[in-house]
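Given below, in the form of structure tokens, are the structures.
There are two complexes below, and they share subunit A, which is joined by subunit B in the first and by subunit C in the second.
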Partner chain A sequence: MSEIIRLEHIWKRFTGVTALSDVSVSFSSGEVHALVGENGAGKSTLIKVLLGAYQPTEGRIFYEGKETVIESPRKGSELGIEGVHQELMLVPYLSVSQNIFLNREIRKGKIFDVKEMNRRSQELLHDFSIDIDVTKPVKQYSASIWKMIDIARVINQNPKVIIFDEPTAILSEREVDSLFSSIRRLKEKGIAIIYISHRLNEIGEIADKVTVLRDGHHIGTLPASELCNDDIVKMMVGRDVSQYYSRSRVERGEELIRLDSLELKKGQHDISLSVHKGEIVGLAGLVGAGRTEVAEAILGINPILKGSITYKGKPFHPASPSQSIKKGIYLVPENRKYQGLILRFTVANNIALSVFSRWAKFFYKGKKEATVAENAIRKLSIKTPSSKQLVNNLSGGNQQKVVIAKALETSAEFLIFDEPSVGVDVGAKEEIHNHMDSFVVAGGGILMISSDLPEVVGMCDRVYVMYEGRIVKELKGDEVTDNNIAEYMLGSKVAEAGI
Partner chain B sequence: MNKEKAYSLFFEKGLYRIMILVVMCVLLTCISDSFLSLSNIMNIFRQASILLILAVGATGTILAKGIDLSLAGVMSLSGCVCGYVLNAGYPVPVAILAALSVGIGFGFVNGFLVGVVKIPAFVSTYGVKYIANGLALMLMGSNIFFGFPESFLFLGVGFLGPVPVLVIWALIITAIMYVFLERSKFGHQIYCVGANSTAAFYSGISTLRTYFMVHVISSTCAAIAGILQASRMNAAQAGMGESFQMLAVASIVIGGTSMAGGEGNVIGGILGALILTLITNGMNLLNISSQAQPLVTGAVIVLAVFLDVQMKHIEGKKAVKAAIA
Partner chain C sequence: MKRGDIVRTLKGFPPVVWMLILIICIFSFTGTNFYSVNNLLNIVRQASPYLILAMGETLAILVGGIDLSVGYVMGFCGVAVAMLMNMGLPFYVAILIALVIGAFCGFINGLFVGKFKLPYFIVTYGTGNMVYGLGSIITGGVSQPALDRGFRFIADGTLLGIPVVFFLALIVFLLMKLLIKKTPFGRNLYGLGGNRESLFLSGVNVVKAEIMVFTVTGLLAAIAGVIFAARSASGHPGFGIGWEFDAVAATIIGGNSFSEGKGSINKTVLGVIFIQILRIGLNISGVAPQAQSFLIGFIVVIAISIDVIIQRRK
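After this line comes the complex of A and B, so read on.
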């Protein structure tokens, strides 16, 4: 296995933050090299240096043996280095195939060969068992499909190095499997893979080598076979972290919300579920099963065609998020960059986004916003130089914490979390789960959508499983196991039981 | 004050626009004797007033990532309705109310098209402009109404002490808009919707109400501008607001309010309006022919926006350097 990129003594400083200090590491062709570390450890910064999006403050990069300055992403791309970014990078209004072939359009003479591009896009996505209409704008697809489209786009460019920054954070098991088999194929073709993930189990499964970063420092690089999860966590955090889920015992309270045979759009019907006070209820299912649509219907974002909702014993007709929020219903959306945050605004602005309007009849309370934000930053240990930092400058996991902080500020009674721990590190995940736990202890109810099965099993009292737009099973108590959920989610039990 | 703060004030807060203004004044003082005369200064302020009212009124639409291309049409129609009602012999307050209702009504139409029907503001307000213009033409034909009552003319040409009443109107409206956009929660909502309407919507900000709000404000200010223009000219005719459309938008943009939404402020718009007025005033003083004036104005608008982009660029580069240092 030959070395393809070597970093020597790389430093990267931003105002007030040193994101990388003296990092030296090398990556080889035909190898999957995992990069792990806490939120804000410098992983994304490191790969942005490799992709040419950031210039290192100091240090040298050698590419195929020659010292190289990767002055721009374009240069990186020319060298054959491509990345699937942590954030969703597609153009919402362009079609799936236009996104996949953006700047790389296939031409027939002078004009674009749209048919061919559509065909190829379909093929690429089919490799991941995703069959969608590639001529539709990506805007209408869910976050995980965006991710798969982005991955297809990168693979289509035949690079020599592919960097995945937390590709699986919003994918469900099935997509993860197809991603992994495709990574193995790429590896066999001699492509160097750099892989960032907070899901340590994946690292053991796919990685050959592991590099650990902590606070911008290179802690070590070791063969994956010599490491177990606990070692990695210890290297990352510098202390032991419990990787177990802990829930307080809570008496199940009265019913908070009940959906009765909702019908949403075509093919999504028979959606009935309930959440009681003091409960965390899971909504499991594959990507495309319609989980997010249910959440958005409760908020009044998507229309409800048939059926009824009862909230706190009274009929409830969702009209818009602003009205649902007034009633104490809040959604933590799955796509933080598009739906959750105003990236150009400060951390304080964002934390207060859902509540500043309540503070006064007319005036905007900037001071109050700052105090509230500072408390939230402390409470969730958000890593930022100040509450005035732009959210755009935070690391991905810390952005996710801002989204959670924003939700907790609303003093809602019913929270829906759509992929709550996307991209947060083990320590932070534990913190977010503790906040969810105290929320239900205090009498709230939670509906949690998550593609992370251990999270669902560990956190939920009950789980509803969705399959192709319907809720096909409610699992209670001991029935809530990985296996059970997976079987209903994939539809195997569904056919058997003839549901 | 430390260096960093001064730097941020100068570039980020756009203080350099004041410098441009000062430099222009100094230049004009040197070139023309009559520039610094009291009568000319008052003249500049009076000329700037109507533009200012239009600009601060429409700032919200641009902050919300839209635009109001109907304001000149609404201004004309309101001015004409006002003149028409006055000529029909009704008292002044009735005429003003009629004109204001036209403005508010058109604001709702714009808000409806942008917020409910979801037609991009660029297209919908452009269409509405023609509707307003058309109605004004149907009302007036090619007539000019004039000879309005004294009490009405006072609004546009009167003085309170040494200060023109027109300037007072402009100051009041600017102050209201400043407080509304930059100190109130509604203003902050407008910024949020402009910067990321999806996130604002999911966070419980009513985007629909925001679109109605910015358009009603913009059209109402356009109606006020129409009333004052009719009073100032002692005349109303179908095309009376036309020349203000692009000047108003240009004032806002020169003032640093970004067409990308969610970024900008009222003070910048004031400076933009003053800069544009000074250019016209200067050209008059220098006896530049009125045929050549649009060319100069156009060139200056392009230059100003270019400068702004450059300043932002330098700012960005300095930030990068600071980060590296």
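After this line comes the complex of A and C, so read on.
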């Protein structure tokens, strides 16, 4: 295995923040090199330096033995360094295949060979068992399919180095499996892989080497075989963190919301579920099983064709998010960049976004906003120089915490979390879970959509499993296990039971 | 202040400031009376309605849209105020009604783009032409005299030697600042341009918010129309034609952007001052009107290019 990139004494300073301090590390061909660290540790910054998106404030980069300045992403691309970014980077209104071939269109003479590009796109996605219409705009597909399209796009460019920044954060198990087999294939081809993830189990499974960053410092690089999860966590956080899920005992209260045989798509009218006060109820299923659609129906974004919803004992006809929020129903959406945040607003502005019009009919309460934001920043330990920082400048995990803070500020009684812990580190995940727990202890109810099975099993009192647009099973108490959920989710039990 | 700080502050100025300084320097050589009091008052008088109109346009651009009806609405409101006064209404009642008409036109724009999600360009182009057509029908294409003394005071009057219109523009500007900085209106304005989806999911009624924005744009167009009618002592449906593009130009030259909800009305003020000084400067430098038109177009394109290049560098 030969070294392909070496970083020497890299520093990166932003105003008020030193994101990387004196990091030296090297990456080799045919090796999966994991990069771990808490939210804001500097992982994304490091890879943006590699990709040419940021220039290091100090330090040198050697590529294939030669000192190189990667002055732009274009240069990085020419050198053969490609990345799957943490945030979704597709162009929403272009088709799947146009996105995959953006700037690298196949031509027949002077004109684009659309047929060939569509065929190749289909093939690439088929490797991940995703069979979608590649001529449709990506806008209509879910966040996880976006991710897979992005991955396909990068692989299609035949790079020498591929960087994955938390690729699995929004993927479900099946997709993670197909991603891993493709990473193994890439590795065999001699490609250097840099892999960032907060899911430590994955690191044990896929990585050869692990580099730990903490507060921008390089803590160490070790062979993965010599490390167990607890070691990694300790290096990352500098303290012990419980990796177990803990829930307080809560008496299940009265029914908060009930969905009766909702029909969201023609012919699929099996959506019935309930959430009581004091409960965290899971909604499991593969990507595309229709979980987000259910959440959006409750918010009044998607129309309900048939069936009824009862909220706090009264019939409830969702009309729009603003009305649902007035009734105490709030959704934490899955895609923070496009649905959760306004990136050009400050942290404080974002946290107050759902509530500011309730505070003030006419004059905006700037002071109150700042106080509320500062409390939330402390409560969720959001890493930011101040509440006036633009959300765009926060690390991914800290952006997610802002989305959660925003939800907790609404004083809702019923919260729907769509992938709540996407991209947050182990410590922060624990904190978010604690907040969910105290929320239900205080008498709220939660419906949680998550692709992270251990999270579902660890946090939920009951779980509904969706399969192809229907709820096929409700699991309670001891039935809530990884295996049970997986079997219904994948449909194997479904056929058997003839549901 | 340290030297580095000064340099940084200077670099922080939007490019339009430098261009402004540049043209002022040029005109102080070419135009003999450039610094005369008369000329300055002239700049202020002409710039006031233009500034008010452009601030409204900026709102539409900040939410990611455009309003092509403002020029026509301005003309129509001028007609309305003139005709209402000729019917014997006191000037302030006539003005009030004209403002309501302008706000209503904006409301209609907002309704169609916000609620029915039709393209900004088409909707505002359509309402603009309708308003113009309507104005032409009721006036028969003849300009309507507006000679009321109180009304004319708006245009000719001075306070402490400064034209009343200057104070009007200043008040509108300050009110807009207040509205944008201190009320949910402003937060929604930038939110609509920044990320409509997030705003919607945060429980903001985005349709209502957008209607509000366009209503204010229409209202500002009406104010501009009333001032312009006072200045020309008459109203004519064609008075504002083309002003919508001047308003867009001022917004963009000032350094606002068509996307992402970036920008502010401060920048628009700079843009308006720039274009206005350019016009008057060319005038007093004795450039022929045809050549003026060419030069303004040319300089605007150059100015925008410089701005874009500098932005990209950053």
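Keep in mind that, in the parts below, the second predicted complex is superposed on the first by the 496 of 499 C-alpha atoms of A that agree within 3 Å, B and C clash if a C-alpha of one lies under 4 Å from a C-alpha of the other, contacts with A are read in each partner's own complex, and residues count from 1 in each chain.
In this section, contacts are C-beta pairs under 8 Å (C-beta built on N, C-alpha and C of every residue); 3 or more make two chains touch, one makes a residue touch a chain.
Computed from a prediction, not measured in an experiment: that's the story for all the values here.
Taken together in the superposed arrangement on subunit A, subunit B and subunit C clash.
Judged by the touch definition given at the top, the superposed model places A:F14 against subunit B, while subunit C stays out of reach.
Of the two partner chains placed by superposition, A:K110 touches none, neither subunit B nor subunit C.
Shared-chain residue A:R378: touches no atom of subunit B or subunit C. When both complexes are overlaid on chain A, the residue A:L343 reaches subunit B and subunit C alike.
Contacts of A:K314 after superposition on the shared chain: neither subunit B nor subunit C is touched.
In the superposition on chain A, A:T57 makes contact with subunit B only, while subunit C stays out of contact range. Comparing the two complexes, residues 299, 301, 320-322, 324-326, 330-331, 333, 338-345, 349, 353-354, 356-357, 360, 362-364, 406, 410 of subunit A contact subunit B in one case and subunit C in the other. Those residues of subunit A that touch subunit C in the complex are listed here as 299, 301, 320-322, 324-326, 330-331, 333, 338-345, 349, 353-354, 356-357, 360, 362-364, 366, 406, 410. Across the complex, subunit A meets subunit B through its residues 13-15, 57, 299, 301, 320-322, 324-326, 330-331, 333, 338-345, 349, 353-354, 356-357, 359-360, 362-365, 406, 410. Residues of subunit C that touch subunit A in their complex: 181-184, 186-187, 190-191, 194-195, 197-205, 260-262.
Residues of subunit B that touch subunit A in their complex: 183-189, 192, 195-196, 198-206, 208, 262-263, 319, 322-324.
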